[in-house]
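Each of the two complexes below includes chain A, the first together with chain B, the second together with chain C.
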Partner chain A sequence: MAQEKSMAAPDLLRRAKLLKQGAEARVYRAEFLGKPTIVKERFPKRYRHPVLDEKLTHRRTVQEVRSILRCRRAGISAPVVYFVDYTSHCIFLEEIICSITVRDHIASIQQCDTSKDSELEQLAERVGQILAKMHDEDVVHGDLTTSNILLRRITESGEYDLVLIDFGLSYISALPEDKGVDLYVLEKAFLSTHPNTEALFEKLLKSYTASSKKSSAVIKKLDEVRLRGRKRSMVG
Partner chain B sequence: MIIILILMPQSNFIALLKHCPQKGTSLLSGVTVLWFPLCGRSREARLKVISQLFVKQLSSMHLTHKLELFPDQKVTQMLFKEVKNAAELRQSAVEGKINAALINPTMLVNPFQVLVAANKAVHLQKTGKMKTRSLYSEIIFNLSPNNNISEAFKRFGISDGDTSVMVVLVHSEDESKLLADITARVSGQQVPVEDVSSLSDQAKIKKLYKVTPLEEKSGTLLDAVVCRMAIKDVM
Partner chain C sequence: MTVVIGFEGSANKIGIGIIRDGEVLSNPRRTYITPPGQGFMPSDTARHHRAVVLTVLKEALEQAGLKPADIDCVSYTKGPGMGAPLVTVALVARTVAQLWGKPLLGVNHCIGHIEMGRLITKANNPTVLYVSGGNTQISNDPSPGYNIEQMAKKGSQYVELPYTVKGMDVSFSGILSYIEDVSHKMLSSGQCTPEDLCFSLQETLFSMLVEITERAMAHCGSQEVLIVGGVGCNMRLQEMMGVMCKEREAKLFATDERFCIDNGAMIAQAGWEMFRSGQVTELEDSWITQRYRTDEVEVTWRAD
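For the complex of A and B:
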């Protein structure tokens, strides 16, 4: 593949601030076209065959931006995509300013002596609603955690303004199985990051069930997945 | 500007034009403060104050942005209203006599939209992946939400009967000469680039980009438009 690689994005990122390094990508903060921007760079994995690596990385980059647009179209907040560089696999996204992760928010509420259960319940219900809306659009997030949901200030009406981020493992699927696994992954992450929140997660699922048109099949699948784990096939 | 002219004899005004530096940062923000610095100063100092105001007036018209990804490239936007020679301009652009993208401002929400298109065009040019023949046609094409080139020109390029035009330049060095060349060619009134928002046809934009009411509730029209422009190649 004699593709001309643009060095423009790597050059910019060398001067940018590294926020996070994951297994898939590095996340930077930079200014782009005059706006505060988050740049997600998928780096090559040397242990994979280069052709396969290129293909997988490209596909994930494409899936990520597609899912973001699909969510936004349905009225679910997700960062605006400013620019995609398919040669260096960089996505330039709107920085969600004045926000904290739902994870940090829950932790800080739990820390307060005067436990505000009603506030947590409201938040859990809102998360359930958003996820229901997302699944109704057939977007499966693939990596649902409370760190991948941002809380952007509380609107005047007292409603939580939630922004979904990191669609790196997302895909489009209408199968209740995939959505069930999506919720199962969240359940695992939720209960392990926030101890003693079983009742709270129940509230989240309840609100999901009430908001989604196709929830009954998904919840049924979730019960199945809980018994067997997230992998369906036992081969290998 | 009128106030300045009244204050000055003709000879001073000519001197001012000669004195007027290409670049200057204005310390003053309004005409009302003009009176104060003019009292009890030398002719030279007065001219300097006025010329700085003069430069500010001129420079606030166009908008130049250095591309962060391509630090040697700058994008300059200029907006004109009451344009009388749109047909002639379009013809010159087609023939390559004007090295700029001429855009129909009614399809623009905000100057940022143009920046996104221009940045993408420069990127595609550098990586040899442009879909159209020139950088400037690529900018127009990038504004469109779909991959139909002729439709993009029809909707986002200027038409013969148009009365307003957004001129977009991509350049490396100082732009003053390029800008003067454009202003000389366009017979119309230059207005601040930010005024583009008042020219945009929101209903048409929403229809063309297929922006749903649901989406507008959770984000701005500009967000919706920019997202579609950035992602259109993989939709």
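For the complex of A and C:
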């Protein structure tokens, strides 16, 4: 029985469509229980020592599922978890259709239309809000980038909601330090991916501060972490 | 045609290289070697550089078959690195720039590695992992890195150690304090040997480095990797990076010792890019700094 169960995921994957191979895992599109599904397979990394690889892979699978469930229970949009196979380290998730990454959205706006500043600002505010909610649940995403936040279209007129994805490096923590670092990771990824968006990111942080009940300690830590960095320039 | 000469001496290598439009005309170098297991100290290193710099400069010009008048720009390492050696070399660069009547350019050492990486791979956007022992500002006496590497080769048992990757950054502090806490206990109880600990440390740290490299590649859509810096010569790191690349069908460019270990040509190459985009360092700005973050440099020579 256990043998059969552990064959289930690889079988399904053979018939599924490989969407991409990220750094962490392979992502497939499949149908599971009649629903459009994304299967995230953390395949073995052969460059790692096998014991390290198994421990790391298992730990990340468990953490990811736990974080997604915690977010959903709190009303934060994240994919539904349909099934987890702990032998092959596969997570079966709801496929978020009619969506694009915030990254692609910002890039397309910046490329063609500079008059859409207010749209970008509104987006930044909403991102700040959803992150505040997530941190208030003590979920630290661990890999915040604009590729890991989706814009899901709800209506024809362009109304959307934000969906958080890729909780592969996430964990539960109440420490302001961990949340500060979470924001710092986003800041670095944000500013390096989207040039000249310092003001936009400030708006995001303002929105975060206003929406989160525990924000002041977190922002304080963020400022500290910003100063920390290795080989800080000592120009006085 | 633009000819740039580059002076590098931020750590124990003193190198002077000349580049003409992407062609390395000369790249002589001297290394200050201390007995194995011992690190190099700033004042001794500076003394070493001072003693050889003019000889190396002469070699650079002779091997390139050029005279000072043929040079268009003098670039030097502004930082980061060790203070005394940096000053020694900067002094020479400033002097020849004035003697020859050529503009001066202060270059960030890490940017030098990156630009040389781009030149060697001919890739537009290679992911460059820069791992340097000399540019880590920890005590170099005795040199920990080298000793750990040698012992790791003899270790075999894997011991679980903290593994910290946060987004695209790694943190070494957790693993360090963990080892400080438990190594005595583990070694005295015979659970593992020092070689096993070094082996486990290396496996863990290198896995972390390979992982963030892979993430950077995924995020930027790059299928090319180049490892630069002295630690890049470690066979196990190269092996691990090679396996990762093979799985992604990405290309790992071999660490070319001539250019990936500190050298003058890489400074010249970065200087070439900066100079052609209109940058120049005025004499009063031609100081050096031990701490010079790569992300502080204003990149005026690339549009992407």
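As a working rule, the second predicted complex is superposed on the first by the 210 of 236 C-alpha atoms of A that agree within 3 Å, B and C clash if a C-alpha of one lies under 4 Å from a C-alpha of the other, contacts with A are read in each partner's own complex, and residues count from 1 in each chain.
By definition in this document, contacts are C-beta pairs under 8 Å (C-beta built on N, C-alpha and C of every residue); 3 or more make two chains touch, one makes a residue touch a chain.
Please read all numbers here as calculations on a predicted model, not as lab measurements.
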Can A:147 be said to touch chain B (first), chain C (second), both, or neither?
second
Looking at the overlay, what does A:17 touch: chain B (first), chain C (second), both, or neither?
neither
Look at A:213 in the shared chain and tell me whether it touches chain B only, chain C only, both, or neither; answer first, second, both or neither.
neither
In the complex formed with chain B, which residues of chain A make contact?
3-6, 8-9, 11-12, 30-35, 62, 65-66, 68-69, 72-77, 80-85, 87, 92, 94
Within their complex, state which residues of chain A touch chain C.
21-23, 45-49, 51-52, 55-56, 142-145, 147, 169, 181, 185, 188-189, 193, 229, 231-235
Sort out for me which residues of chain C touch chain A in the complex.
80, 137, 158, 160, 163, 165-169, 203-204, 207, 210-211, 214-215, 217-219, 239-241, 243-244, 247-248, 289-293, 296
Help me check something: in the complex, which residues belonging to chain B touch chain A?
65, 67-70, 112, 115-116, 119-120, 123, 126-128, 212, 214-215, 217-219, 223-224, 226-228, 230-231, 234-235
